[in-house]
Amino acid sequence: MDRTAATRKILDAKLRLKLTWADIAQSIGRSEVWTTAACLGQATCSQDDIKKLAEIMDLPKEELEILATVPYRGRSEVIPQDPTIYRLYEILLVYGDTIKELIHEKFGDGIMSAIDFTMDIDKKTDPAGDRVVVTMNGKFLPYKKW
Amino acid sequence: MDRTAATRKILDAKLRLKLTWADIAQSIGRSEVWTTAACLGQATCSQDDIKKLAEIMDLPKEELEILATVPYRGRSEVIPQDPTIYRLYEILLVYGDTIKELIHEKFGDGIMSAIDFTMDIDKKTDPAGDRVVVTMNGKFLPYKKW
Amino acid sequence: MDRTAATRKILDAKLRLKLTWADIAQSIGRSEVWTTAACLGQATCSQDDIKKLAEIMDLPKEELEILATVPYRGRSEVIPQDPTIYRLYEILLVYGDTIKELIHEKFGDGIMSAIDFTMDIDKKTDPAGDRVVVTMNGKFLPYKKW
Amino acid sequence: MDRTAATRKILDAKLRLKLTWADIAQSIGRSEVWTTAACLGQATCSQDDIKKLAEIMDLPKEELEILATVPYRGRSEVIPQDPTIYRLYEILLVYGDTIKELIHEKFGDGIMSAIDFTMDIDKKTDPAGDRVVVTMNGKFLPYKKW
Amino acid sequence: MDRTAATRKILDAKLRLKLTWADIAQSIGRSEVWTTAACLGQATCSQDDIKKLAEIMDLPKEELEILATVPYRGRSEVIPQDPTIYRLYEILLVYGDTIKELIHEKFGDGIMSAIDFTMDIDKKTDPAGDRVVVTMNGKFLPYKKW
Amino acid sequence: MDRTAATRKILDAKLRLKLTWADIAQSIGRSEVWTTAACLGQATCSQDDIKKLAEIMDLPKEELEILATVPYRGRSEVIPQDPTIYRLYEILLVYGDTIKELIHEKFGDGIMSAIDFTMDIDKKTDPAGDRVVVTMNGKFLPYKKW
Amino acid sequence: MDRTAATRKILDAKLRLKLTWADIAQSIGRSEVWTTAACLGQATCSQDDIKKLAEIMDLPKEELEILATVPYRGRSEVIPQDPTIYRLYEILLVYGDTIKELIHEKFGDGIMSAIDFTMDIDKKTDPAGDRVVVTMNGKFLPYKKW
Amino acid sequence: MDRTAATRKILDAKLRLKLTWADIAQSIGRSEVWTTAACLGQATCSQDDIKKLAEIMDLPKEELEILATVPYRGRSEVIPQDPTIYRLYEILLVYGDTIKELIHEKFGDGIMSAIDFTMDIDKKTDPAGDRVVVTMNGKFLPYKKW
Amino acid sequence: MDRTAATRKILDAKLRLKLTWADIAQSIGRSEVWTTAACLGQATCSQDDIKKLAEIMDLPKEELEILATVPYRGRSEVIPQDPTIYRLYEILLVYGDTIKELIHEKFGDGIMSAIDFTMDIDKKTDPAGDRVVVTMNGKFLPYKKW
Amino acid sequence: MDRTAATRKILDAKLRLKLTWADIAQSIGRSEVWTTAACLGQATCSQDDIKKLAEIMDLPKEELEILATVPYRGRSEVIPQDPTIYRLYEILLVYGDTIKELIHEKFGDGIMSAIDFTMDIDKKTDPAGDRVVVTMNGKFLPYKKW
């Protein structure tokens, strides 16, 4: 049983049944971002999540069992090539130091957690061209002194 | 005349005069993120921006003249090491494919522009620990077929 | 169903039926560059494109269905080795800064879009040796200030 | 005498005298692209080019003498970070194989020379947003069999 | 004013005055690990820390002022070469997956924080050869679902 | 017979029989860390270890025979991506020089062995959030002069 | 039909029939270097070449058909490890700048073509030890000015 | 006294005195390739070589003394960017395996030495365009069995 | 017929028949180091070697036939991760320049051949802990001047 | 006070006074390898070593004081380019797995220490060409089980 195989089954089922990530997210009662990440093998599902995923995708529950184990998170590329994903990397190159400066100015020495963290992707319609809005929300963690 | 030297002068003046990025942003009438990025050499200033920056920082305007040229944007590291900046890279590793999936589901084939783009960094107080909120807002650009 | 498999089927059919990219482009009513890119898995086809591709290549439409999903774009090599492709990389090394300087001189701070973008490859006959003409045409996107 | 120093002097003079690359190109009677590349240290100038460059830039001819030697061409980054330059790299990632396929279809096995090569950067005004047009023109070189 | 220069002054003073890290740590009332990290430019000092550091090192307080700003953390090498530091990297290569398995078994899906984190380095004498004991203590942060 | 296959069989059996690493460690009378490392292919088992592992996992002893050979230790990634493992790498980036300084101060010139080495992973409950405690214990090896 | 498979068939046939590269080259009436390169998938064969290769190797012509398409040239390693090949890379490291200097001194600014290019590998017997003689012969291509 | 400084002095003198590498080679009675390599810091000169180099270049002999020590050979780039030098790397990518095959066929298992090695760069005039001829001549070294 | 497959067969036979490398070396009358290297695919066997290897390993001679061809030597990792192999790399990092200095002092400008080369691995018992003795013996090759 | 500067002073003095490493080693009563490594900044000297080094090199003792601190060991290159040093890396590529196999066969699971380690470089005269003999002698460290 292997996580990549489970992800492939989910993507095939999604295509075959013409499901959207929004449909799938609704079926398990979680956000679109978390649900998509979990289906792509980047989060840990509960047994209940798996049961509901198996139902909406018309797959045997056993084939998704691996989703209940903790994944090895990450991507195979060090620098993303796909342009949609690369733009996030470019934002990091151009604005990374700026984000650091402003987090420290507003919060002190520490980081925005990527673990105690939520994200949303929204569409804002605009006559000059619709806009993608990515909202990242992470707990500030101050550096400990000891 | 060299951009790194200009940035160093700005950072020294900021420290000496105990200015915040918020102060500096206000003085030129722009957002904190754009202002910080410009001072760190990642954006192009107008002559008017430079004049105001020189004033608030008590620097000769000529020393900031280089900020009116278009910069070579980027950072020296391919993978950031500083933990505050690394967390953004980690988000890309864990959620990059998810963001791609959801942008395509909501908008079709294309990207979130990193050029026709704005960003905000906000502090949301929370009794369980304050939260950093990063809002990225970029125009959706559909892939052209021809 | 997997994109690489679809591309391989297309290349095999092209060879078997002695089709040119020009033939294929004509059959779907699109440019040679876009058509080739789509067949190599670098663009998203409409259902209509797929129907026509299946016809000219004498393949079952289902085997090309994957071409209607948005691809992960890119190549496996960071620096291309094949000499025909490497020459484009070499042009970037030698003339990249020049292109940047002239785009900024003519348009201001911003980029040539690689998304709202078209390209043509033409043959210009010349007694001293025929010439390859690559024409790239991308929308200028000015950097936003906010 | 060092090429980087000569380039810096040229860029400083250009800024001080408010010259454009178009002005400089005109003064030596060459294209904008070649002239810019030469000033950035990516081409070899004749003594006549140097004399004219020194004149328009009001610099002693000796300070530009190094431009008459053959340069070590290239850039310091393997993958460009600056977004304006990166887009050319992205085009290579997305369309590199396509360009290879079409050159071979139109010309046979060989390459577009990057040496017997010219390039133009043009502005095409467009009510929907002006467009950058990059035209590359290189001699086709067929692979020799022996 | 530059962090590397401050670090060099501290190291020179330490050598000149024959101070140990233990002496320095005691003088500011903090642990050896945190104190050493701060002096090497990997932590943020309070004004009080700086005052005490300046005293024990017989340096003007202004020369250490930079230590009150938040540092860019990290090392210049991606893979450490120095054998003493490399052994930590080797432990990560050999036992990294094991640590991940056991953290998840004992705590669930999440990480050991490297921010809400303390570390101690101790010497345990042993007739068969003294032993280095490194104790890392980080808050467990569970992955959020949303 | 191949080590990766043996590891996969162990992981499948562990999941199927709902065993913990603690259970497995107990069955062979060794520590959790060593046992997990051995099962993941990072240590050499005795015939006795293999016999007991085969029993608790209800696998034929022959399928684990490869565990008695000395493994090629390591991980496929140069820089770990998984956040749980990355935090150890980040500790090395931030505190690596500090660890070196303090080992030398307490022991002289030499290293903490990663071979004559033990490690424990413990859970320390804490009302403010449980803590992961990693204790590394390695023999100090002084550099030889000759 | 895949080039690697065709190469493997050729190498197997060569071994089985105890053919030398010299034999194979003679059979198609081309040089040893070009013939070997073509069989290893680094050149494009004519239909006539393929017919003759199939004959001497006693293989069905269809299995070599792929050799008539233009290959993706290159090797999988960025720096060669095999010592016989590495020595060529070492020559480049030690004498690369020298070759550049002398090409420019003798020909002016330009390159030795690797496309309009032939190479020979010869054995020169010598009582002090036989010598390998590699002769590279490429057209000089002058850099164009425009 | 530092090798880079000596090389720079030589290059400056060569430019000032309008010497060619051929002139310099003749003055010390060695080949152009070896002489150029030595002047660029890639070979060891005898005291006699240094004396003659100092004479022809009108430099104090002491300034070239460092050329009598054994250099650290190599270039700063792993993959050369300059097109004139890159073509040699490309030849290695395209023909490296071919060279290996033919050396083994003609000589058995072993290498062409890059130490007991000479090279010549010649110009062969040709009405269809002059040709660069690079002749490498290295002793064959058979792999020892023991 | 593929070298990796042959190596795997040898390793399986060695394990099944409980042979040591010493046994195998003795059976073919060669050193342990050369024999092991040959079995791991890093040297070329004679027909006689292969016949004896096939005998002692009770394998059909044909399955080892590939060992008579010249191998592509090398390892897949640029920097070894396995600690036993890494220590050799570390020796190179720490003592590489020293070895160079002393070879040049004792022999002049040149190298220790890795081709006309033998190596032995010995065990030296020692009450304070047994010692590994690696003896490398390579012909000195002086750099040629021409 | 900086280690690179101290090394440069030593190398200059060695050249000026025409000392050999053998002379220097003798003056401090240590082996040539250790002495050279220490002078190149790869080992820690005692006060007595420094005193003797200062004497033989006719340098003020203070200028060598830094040699008494523990160095950051290593080289700047990941893969050595200099041919004399590269051969050691090549030995690792070709014989690394062999060394691992034989250490394990003779000693069990463990490593040859690079810390409790000595090395000698000797010249063995031979009518067929003198030979470099490198003898590495490191304590075997068995992997601990716990």
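Here the chain labels run A, B, C, D, E, F, G, H, I and J in written order, and each chain numbers its own residues starting at 1.
Quick note on the criterion: a residue touches a chain if its C-beta (ideal position, glycine included) is under 8 Å from a C-beta of that chain, and two chains touch if they have at least 3 such contacts.
Since the structure is predicted, the reported quantities are computational estimates derived from the model, not experimental observations.
Trainee: Look at all chain centres (mean of CA atoms) and spot the one farthest from the centre of subunit D.
Mentor: So the farthest one, by centre of C-alpha atoms, is F.
Trainee: Looking at A-C, E-F or B-C, which one is a repeat of the G-H interface (more than half the contact pairs shared)?
Mentor: Comparing each option in A-C, E-F or B-C with G-H, the repeat is E-F.
Trainee: Using mean CA coordinates as chain centres, what's the gap between subunit I and subunit J in Å?
Mentor: 23
Trainee: Between subunit G and subunit I, tell me the centre distance in angstrom, where each centre is the average of that chain's C-alpha atoms.
Mentor: Between these chains, centre-to-centre, one finds 30 Å.
Trainee: Calculate how many whole Å lie between the centre of subunit G and the centre of subunit J, each centre taken as the average of the chain's C-alpha atoms.
Mentor: 42
Trainee: Find the geometric centre of each of subunit A and subunit I from their Cα atoms only, then give the gap between the two centres in Å, rounded to an integer.
Mentor: Comparing mean C-alpha positions, subunit I is 48 Å from subunit A.
Trainee: Can you tell me which residues of subunit A touch two or more of the remaining chains?
Mentor: Correct list: 33, 72-75, 78-79, 81-83, 90, 93-94, 100, 104, 110-111, 113-117, 141.
Trainee: What's the complete list of touching chain pairs for this entry?
Mentor: A-B, A-C, A-D, A-E, A-F, B-C, B-D, B-E, B-F, C-D, C-G, C-H, D-G, D-H, E-F, E-I, E-J, F-I, F-J, G-H, G-I, G-J, H-I, H-J, I-J
Trainee: Where on subunit B does subunit A make contact in their complex?
Mentor: My answer: residues 20-22, 32-33, 36-37, 40, 42, 73-75, 78-80, 82-85, 87-107, 110-114, 116-117, 119, 121, 123-124, 126, 128-141.
Trainee: Can you list the subunit C residues touching subunit H in their complex?
Mentor: Subunit C reaches subunit H through residues 79, 81, 83, 86, 90, 93-94.
Trainee: Show me the residue ranges of subunit E that touch subunit A in the complex, using the header's touch definition.
Mentor: 30-31, 33-34, 43-44, 70, 72, 100, 104, 108-111, 113, 115-118, 141-146
Trainee: Which bits of subunit C are touching subunit A when the two form their complex?
Mentor: Residues in contact with subunit A: 1, 65, 69, 72-75, 78, 114-115.
Trainee: List the residues on subunit A that touch subunit C in their complex, please.
Mentor: It comes out as residues 12, 15, 79, 81-83.
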